[in-house]
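Have a look at the structure below before the remarks.
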Amino acid sequence: MDKKDIIAKIDNLHIDIKTQAGIIQAVRGVSLDFEAHKTIGLIGESGSGKSMMARTLLGLLPAGGAITSGHIYYNNTPIETYTQRQWRNLRGKEIAMIFQDPMHALNPLMTIGKQLSEAIVISQKVSWKLAKIQALDLLKKVGLEATPERYHSYPHQYSGGMRQRIAIAMALSCKPKLLICDEPTTALDVSTQAQIIELIIKLQKEYGMAILFISHDLSLVSQMADEIAIVYAGRIVEHATTKEIFLQPKHPYTWALLSAIVHFQPKNEVLYTIEGSPPLLINPPKGDLFSYRSEYALDIDFQENPPFFEVSPTHRVASWLQDPRAPSVTMPKLLQKQIQILRSQQEGNFHE
Amino acid sequence: MNNTIPLLSVQNVSLSFKQSRHHQVHALKNISFSIKQGEIFGLVGESGSGKSTMGRAIARLVTPQTGSIKLETRELLCKMTSKERLDSSRDIQMIFQDPMSALNPKWTVMQMLLEPLHIHQGKLPKQEKEDTVFTMMQQVGLDPAFANRYVHEFSGGQRQRISIARALMNRPKLLICDESIAALDLSIQAQIVNLLKSLREQFNLSMIFISHDLSMVHYISDRIGVIYKGDLLEIADADTIYYHPQHDYTKSLLHAIPKITLV
Amino acid sequence: MNVHNIVARLLWSLGVIFIVVSTTFFLLQILPGDPVKLMMGDRVDPVTVEQVREKMGLNKPIIQQYIDFWLKLLRMDFGDSYQLKLPVIDQIQSASVVTLRLAFYSSLIAVIGGLLFGVTAAIFRGRWIDNLLMSIAVFGISTPSFWFALVLQLIFGLWLQWFPISGYQAPGAFVLPAFTLGLRYMSSLARLTRTSMLEVLSSEYLLAAKAKGVGSFRLIWLHAFGNALLPIMTFIGSSLADMMAGAILIEHVFSLPGIGRLTFDSLMSRDLPLLQATVVYLTVISVGIYLIVDFLALFIDPRLRIGGKRNVE
Amino acid sequence: MLNKFTLVPKAPWPTDQVITQENLYKRAWKLLRKDPIALTSLILIAVLIISALFAPWIAPYDPNEQMLSKPLSQPSPQHWLGTDEFGRDILSRLIFGARISMSVALGSQFIVSIIGFWMGLIAGYMGGKIDRIISFIIQIFASFPYLLFAMALIFVLGPGLLNLFLALGLLSWAGTARVVRAQVMSLKHREFVDASWMMGASHYWIMTKHLFPNVLPSLIVLATMGIPNAIIAEASLSYLGLGVRIPTASWGQMIFAAKPFLQTFPLYSIATGILMMLSVLAFNLLGDRLRDALDPRLSGR
């Protein structure tokens, strides 16, 4: 990935979280670059560590969480050893975040206007009066009526979708260079979700910030992401452009996720699935953790972690299957058929 | 059993909640539909559409003000003696959305699965009951060795399997699945959906699959009903709803489903 | 919380007062010992005792006495106390001045101390401050207040002579009593505040506020504290109400002539009108405290005030 | 070199990874055993209960035997804690006093738990009118001036151990009922209750088989926290002369008796107070540790 305007970069990051049940290795060696105007989709299931990767960019690890090795760069300065005070100057000024559950992301006892103005006062260092005007302007920008009555109303008087718009307005108040969206639409209805995604895409064009979009829904992320990174058990297993992920998936876990996209599937076929469930990362065994659930596991998978193999300049896969010495393996038939359909749909679009 | 009588027939069911002193919420407005034997009926709608209330009304967890719900010939909405309630409770079972709250945290899996047998087949010898539990666990893909474990030691997907096992212990005729996979990861959802489809053949089961995810409902159901703010807008077989919807609301729902876009 | 709820809440409180006072009335009737004889002393011949009983209307059937009682009560006429033959209302007034001052100081200690301790312990969770504050709190709820009062009297009163050990006019007379009475409730409030605060500190909207770059002081006192306060409002109410009754012990040890002392003495001497009056006084105060706390909760939490009026998208 | 790149069947996830947790109470017992504070509290409570049960054999002297020859004598080899104003051995009286405190505290807390549980359970589970009535009753009991009513009740029933049980028990169940009611109301909406109801289970079955095991942990914690309050309440009553009849030894009464000699013979009051505080402290600390050990959040995944 050539040197573009890199805003932030995670380099071989390891995060452990001390809990009652033991030490969870939430993130086990992750590297990612965040460039302006570019959206990265982070796809993974629960317990895969994707939220930890996002929260560490703001120094918001939960109690007992700590970066054990690796670096985080922001404007080329390492920030993983920041003190709370240093983190605070970064938060809400250049990096902003919106959360999954709109019902709990706003303080129930404070009017939305005050919470919005607070974000503006902190980031722009302006007076509260001036902040109020900007706040009303932001409400309009996210598609809400900018009336004083709305400014002084409370979060519980809003539906989920409207609250998420307020959260987005708050995140935009500081014109962030990096916007982290942690499954912002999972708790919303399909129609509200579509509107929120549309809003985020529009705002990215206007503000030109880098976006880290975390989700478990591949087709949703395909609408806005330039690149997609598939995460399993605290590591990135495949990272490529959206097109490459959908048309030339290489990692068995990506195959499984693609096969789980239901509206893709013919009705009477049995869905291709992998048994078991995402592992609990308390002193996990060595080697590739996915091999415990994959039909394509190799002997070496249980000894060493696979390195990244460069399938193309923008496509890297962490799987021993890519090693020339490994037996060649093809993806499930059902998935091949679906990718054919998808490819023809793509060509169809170009011809019209 | 001649298959002309529908397994379940719902006629003009209306239900409203008293939200506050003078504010009524009309959850269900005059809903009618029927389900044939062995059919999977999908009920799709957004949050607040009343789809769960419909499921709970059929499960008799809430009682509608008007209308009738018949299981084959037996009317479910009338006052029942405890004996009648016991009998009718064998035929309809339900699995829920949140695997964390659907199982009693203080019970082991064995106790959980023995409960339906205690209530309905109390006379069976203890060993026979336990054997039924072990076979049922295998049928839903659970390792019988885990029978004495506590519920919180299982993953979301495994817990949903326990709920399904519990629901099928007494061979119900109708299984209501209320958003049963919404809380699960994608790969686990696929496992549970495959399981439900295979159980349908094995147990000759009819199902109501309630969900907000239209593509999953289309995949699994034979017929689909689209519900919006308490009104059943459209009923048709799955492919017609999915590819040639009539009602504008169904069209907007379909349009909102995120399509794979590779620009 | 519209007018309907407020009216219902008031009726509920009046109902509680009515039931408590009535129960006391009947409970006191079956107290052993004849109040009139106790009042007149043993040497008086039975005839005059009967005449006095006649005059005081004690020979009327219970129900009649009960109705008379309520009629007088509504006119704030509590009758005269048996022992001192003075109108009960005056004794209550003079005694309540002492108790209210004591209750005020001790509730100040309890609420402010408890909240400060609880919040600080929650912020420095696991560190030495947390353990120190929480051990003080555990000691606070474990020390029997009347014994602790004696110990304080010994140390600060007799040995160090900083504070007077009894009486209420002297300056500083209320320091030891208020501290003893307040300590117990401060400790239990501190423990509860810490738990509630920890719950709020791990909530998502606080994480969101932190992500906004909100400073730690503002985060704790503006965002977290309000939400932590709500669940403990009822506890604050019940502990303040308990404190009124709990004062009996402290007033006994420090011989402060408060309502508690009055209740104790009237119970000992079967002075029914006085005892009845103190019960009414204490119950009204405690129900009043519950109402005030409910009203405060209403003031803090907009969800109660404005309810779920959803402006549709 | 074995070709490491051969396809191998999936290995099962190493089982020691899966945290197997047995019964909540066994797990709690393991946690408590390892916690020094909980352990010392348990030992102290055990000593208290044993000395209360076997007081006659443990106490060096008869608590009421008066040796008028040596009143208020300083601690000596015969009388480790000295003697009180009537020459009675303080240590023996303290041991017998423990018998009163423990029996009243445990007895009244037993009543509190029973009444509190059933009232809370029925109010929480039934809801509607029943809930309103029971909540009204709870509110009344909570608004009673607690100590005053204990005094009045004991006056009516007369002093004595059983009446102390009843007085404290009848008056302090409101708190437990409120906690149980709140917990039952949240449990009632859990889906396993619906599932069991749909199975054909009766209300009684759901209340006893499903709700009770979930409420039991908090009942245990409430009881452990209630005992120290009952100890203090009993001592306060006997301090005011309303506890057990003189000359039976009770801690509150001893503190009252020691008051005049506070300056001359402070040990008498200090020793009694410290012993009471330690026993109350032991229960409170145990209660804290129990609440954490039985906390479902910790045991839940």
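Some notes on this structure:
Lettered A, B, C and D in written order, each chain numbered from 1.
Here, a residue touches a chain if its C-beta (ideal position, glycine included) is under 8 Å from a C-beta of that chain, and two chains touch if they have at least 3 such contacts.
These numbers come from a predicted model, not from an experiment.
A summary of chain positions shows that the Cα centroid lying nearest the centre of all protein Cα atoms is that of chain D.
Should one ask which of A-D and B-D has more C-beta pairs in contact, the pair is B-D. Inter-chain centre distance (chain A to chain D, centres taken as mean C-alpha positions): 50 Å. Rounded to whole angstrom units, the spacing between the C-alpha centres of chain B and chain D is 45.
Rounded to a whole number, the gap between the C-alpha centres of chain B and chain C is 53 angstrom. We define each chain's centre as the mean of its Cα atoms; on that basis chain C and chain D are separated by 24 Å. None of the residues of chain C touches two or more other chains.
Not a single residue position of chain A touches two or more of the other chains. Each of residues 18-19, 301 in chain D touches at least two other chains.
In the complex of the two chains, the chain A residues touching chain C come out as 58, 60, 62-63, 84, 88-93, 96-97, 99, 101, 104-110, 118-119, 122-123, 150, 153-154, 156-159, 161-162, 167, 170, 174, 192.
Residues of chain D that touch chain C in their complex: 136, 139-140, 142-148, 151-153, 155-156, 158, 228, 231-232, 235-236, 239-240, 252, 255, 259, 262-263, 266, 269-270, 272-273, 276-277, 280-281, 284-285, 288. Those residues of chain A that touch chain D in the complex are listed here as 20-22, 276, 279-280, 282-285, 291-300, 302-303, 320, 323, 325-327. For chain C in complex with chain D, the touching residues are 12, 15-17, 19-20, 24, 27-28, 30-32, 138-139, 141-148, 150-151, 153-154, 158, 238, 241-242, 244-246, 248-249, 252, 263-264, 267, 278-279, 282-283, 286-287, 290. Of all residues in chain A, only 45-46, 189-191, 193-194, 197, 216-220, 222-223, 242-243, 246-247, 256-257, 259-265, 267, 270-275, 277-278, 342, 346 touch chain B in the complex they form.
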